[in-house]
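A, B and C label the chains in the order they appear, each numbered from 1.
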Amino acid sequence: MADYILETKDLGISFGGLKAAQNVNIRIKKNQIYGLIGPNGAGKTTVFNLLTGVYKPTAGTFYLDGEELKGLPQDKINHKGIARTFQNIRLFNNMTVVRNVMVGLHDQPEFKCSVLETILRLPRHFKVEKAMRERAKELLRIFDLEEERNNLACNLPYGKQRKLEIARALATNPKLLLLDEPAAGMNPHETEDLVKTIRFIRDNFDMTILLIEHDMKFVAGLCDEITVLNFGTVLAEGDTKTALNDPEVIKAYIGG
Amino acid sequence: MELFLSTLINGLSLGGIYAMIALGYTMVYGIAKMLNFAHGDIIMVGGYIIYVFMALNNPLLAIFMAVVGCVLLGILIEKVAYKPLRGASPLAVLITAIGVSYLLQSLAQIIFGSANKMVTVYDFGSVTILGVPMQVSALVTLGVTVVVMAALTLFIKYTRLGRAMIAVSEDKGAAQLMGINVNGIITITFAIGSALAALAGLFYLLKAPSISSTLGAMPGIKAFTAAVIGGIGSIPGAMLGGILLGMVECISYKITAIAPYTDAIEFSILIIILLVRPTGFLGKKRREKV
Amino acid sequence: MMFKKFNLNHYINYIVIGILTVVLSVITMTGGRLDSSLLFLLEKIAISIILAVSLSLVVGFLGELSLGHAGFMCVGAYIGGKVAALLEDSLGNGLPTFLIALLVGGGVAAVCGIIIGIPALRLRGDYLAIVTLAFGEIVKSLFQNTSDETFGGALGLPTPRFDKKYLFIIAFVLVLITLAVVQNFIRSKHGRAVTAIRDNEIAARASGINVTKYKLLAFTLSATFAGIAGVLYSFSNYTVQSAKFGYNYSIEILVMVVLGGMGSINGSIIAAALITFLNTKLATVLTGDLAVLQNLLYALILIVIVIYNNAPALKSFRDRYSLSVLWKKLIRRKHDPATHKDDEAKWDVVPTKIEMNEVLSIDVVPPEAKGNTGNGGDD
């Protein structure tokens, strides 16, 4: 067991000449809720994209639980244990809620079933299908979505769509969950609910969570530690309160 | 030497036609992000308009009418068939475009019948250069193509409208926020592409004075191939791809052993290029935002 | 346990086609006379259904456009026909010859599917369309220019005589097999992965789906069945001519899929049967220059149906009056929704519209723009 669940070493990427992120060093301990904040265009989502394999880093590397994951394709990184949600919700809109979660369960070892077995409708197909559905329903229950399970994902209200995306990410059984602006567009009541849900996930799924968020109250109330990015580089890091009160950070946010 | 020179000129002239059509594809693809399958058939419509107006025996009028007619048709297609689908899936747009292509072909066949129509726009005759007899029409085609392309490049680089087109192709949302009329730009793009297609129709008639409803189908597909080879969305790429494909076609026709396989060779090049260099020779890599 | 939940909707197409096949077979076997032109039409319908159902896998469920379906069929027809001709002397004209031809023809088409799929599926959808189109033309041109001894050249490959009386039975058995394979694939975790890719490729990748593998799998499966349809074609006709398998034929199959409603297997079946029937009937009515009216009809079908099903402006209208919505209302009247706990249902109600990424959102403000900046990520 490594000291850190996630450790990035001088992680960076440049598009042409533009350095969208550079020398990003983040260390997250197990069961932490870790915040990644910064002004618009600071490179937060870029870091997420690097960690999930959407972009290949042009500099540095990163380790999940001691294992280097740099350069792996997105699906492999997910199998290794990093799952994410998206800033602009990405659900399988024309599929039902329960099936959205079942897609997340697709590659879990206990649900293995070859193409031939499904085409020939061997008993394992039915067994796996039933087990997947049950597991998906359990997950949906946690997020209070069980009643909605047979509705199309696109017909869910916004807040529930966000929850469904988290449920789907959890279904892939990750070690590290990346949440990209989970509270965006939520009303105060929904945000409060979300805080509870995220804590619940940490406690009951033994999860480590890295999240991007703009709502400072949300971050201050939820995150154990944070990293502040600005112009693709780390501006401050550490304990949430201290980092938020760093004069450099205040300057970057208010503008100076 | 004689063979070399005549193949070179023919290849360049055919390549010029392909480049002309490929430009229409590549501009529409760059700006509306769609493959306008019906583009090739606008060539055919241009050819038929020339055929109709040549009854008045005035080549310049016929060409003018063809350009105007194709521009109007291009705009009409965009407004009626493609615009309602903006925001829908690319697959839906693509299938509609195929439908439009089919519609134009069958309408032409209904109006003009399935037999080929013969029309001689203008007989340029032939000249002998360096002891090689050559069709003047091929030289004219080549010349006009070069001029049109130069003009188009200058237009896009140095006019407000041209720069607005570049902006729209880069980022529609941002362009709209900058006050660019995105719908207007798309319409103009279709208009320019269709005008080029009309000229391509003219060049085909100069090459061989016969026209049928499927005149534009194969050249259309090949020109799209050229656009992809050169790098879709890139104007110099369309020229390069067009010339390359034209040369390959002419050379292949000259070699008896492989002549029947010319189409297969050209399409194989497409598949190989996509395998080795998916963005084509001059295309830019496009990043999808996540 | 699993047999308790027998859902008629899942099996209705097998049942209808099965009953039809049995009834017609009984008529033929008991000496009833089925007109040979009717038999030929039945074979043609079977071929069309196999083609449409297999193309629907790629177009309707994977959300990619293949314009080379006739090309794969062409490969199957020539290879299958040739294999049958070679086996004719040793094995005769019976079922063994047919089955070997079927396996080889389908297999070669599958290999072609893999070869074409690997480069094309890495690219955006439009490229797949053009590459498959190119593939179809290459295949056509290659077979057209072969020497007369190998594949018959421009005159076409003569195919072995097969007992025509029973071919349609085999054809319909093949339809049932195609249906079973394609439907079982779609209604499984693997099919779910394929539809997930169609709905949102980026999210599918992030959820651990191996996108390349599933695209290739669906594409190859589709090509295989096109090849099988081709083998069937070579046994149903006296010669195989590559000119028949051009772009136009691929479009005809596409029309069936679009008319049937993308993502609906039963729709594809009905549309395939209908169009094949109409084609045969229209061919006798519309001769000469009028024959083109048929193409005009196809063109209008493609344009009108696709715009109707996909235009964002028509969404509210569709939500109220589309067939699937009306159907659901009809069913809901029968079942009380409170007691409705069948999670397995609704496999067939995969919506006909396909929302992929917000590629063309120009007029509409993208839904994700609620938060901060314009569209997309913050970088």
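One rule holds in what follows: a residue touches a chain if its C-beta (ideal position, glycine included) is under 8 Å from a C-beta of that chain, and two chains touch if they have at least 3 such contacts.
Since this is a predicted model, take the numbers as computed values, not measurements.
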item: Longest centre-to-centre distance from subunit C, chain (CA-based); value: A
item: Nearest-to-centre chain - CA centroid comparison; value: C
item: Separation of mean Cα positions, subunit C and subunit B [Å, integer]; value: 31
item: For subunit A paired with subunit B, centre-to-centre distance based on mean C-alpha positions, whole Å; value: 46
item: Mean-CA-position distance for subunit C and subunit A (Å); value: 38
item: For subunit B, residues contacting two or more additional chains; value: 290
item: Subunit C: positions in contact with at least two other chains; value: 202, 353-355, 366, 375-377
item: Multi-chain contact sites of subunit A, meaning residues that touch two or more partners; value: 45, 49, 54, 86
item: Residue ranges of subunit A touching subunit C (in the complex, touch as defined); value: 20, 40-46, 49, 52, 54, 73-75, 78-79, 83-84, 86-96, 98-99, 102-104, 106-107, 111, 113, 115, 118-121, 125-126, 128-130, 132-133, 149-150, 152, 154, 168-169, 171-172, 181, 184-185, 214
item: Parts of subunit C lying in touch with subunit B, wherever the complex brings them together; value: 59, 63-65, 67, 116, 118-120, 122-127, 129-131, 133-135, 137-138, 141-142, 144-145, 202, 247, 251, 254, 258, 262, 289, 292-293, 295-296, 298-303, 306-307, 309-314, 353-364, 366, 374-377
item: Subunit A-facing residues of subunit C, complex; value: 2, 180-181, 184-185, 188-190, 192-193, 195-196, 198-200, 202-211, 217, 343, 345-346, 350-351, 353-355, 366-368, 370-373, 375-379
item: Touch list for subunit B against partner subunit C, complex; value: 29, 32-35, 81, 84-96, 98-103, 105-107, 109-110, 113-114, 172-174, 176-177, 182-183, 217, 221, 224-225, 228, 260-261, 263-264, 267-268, 270-271, 274-275, 278, 288-290
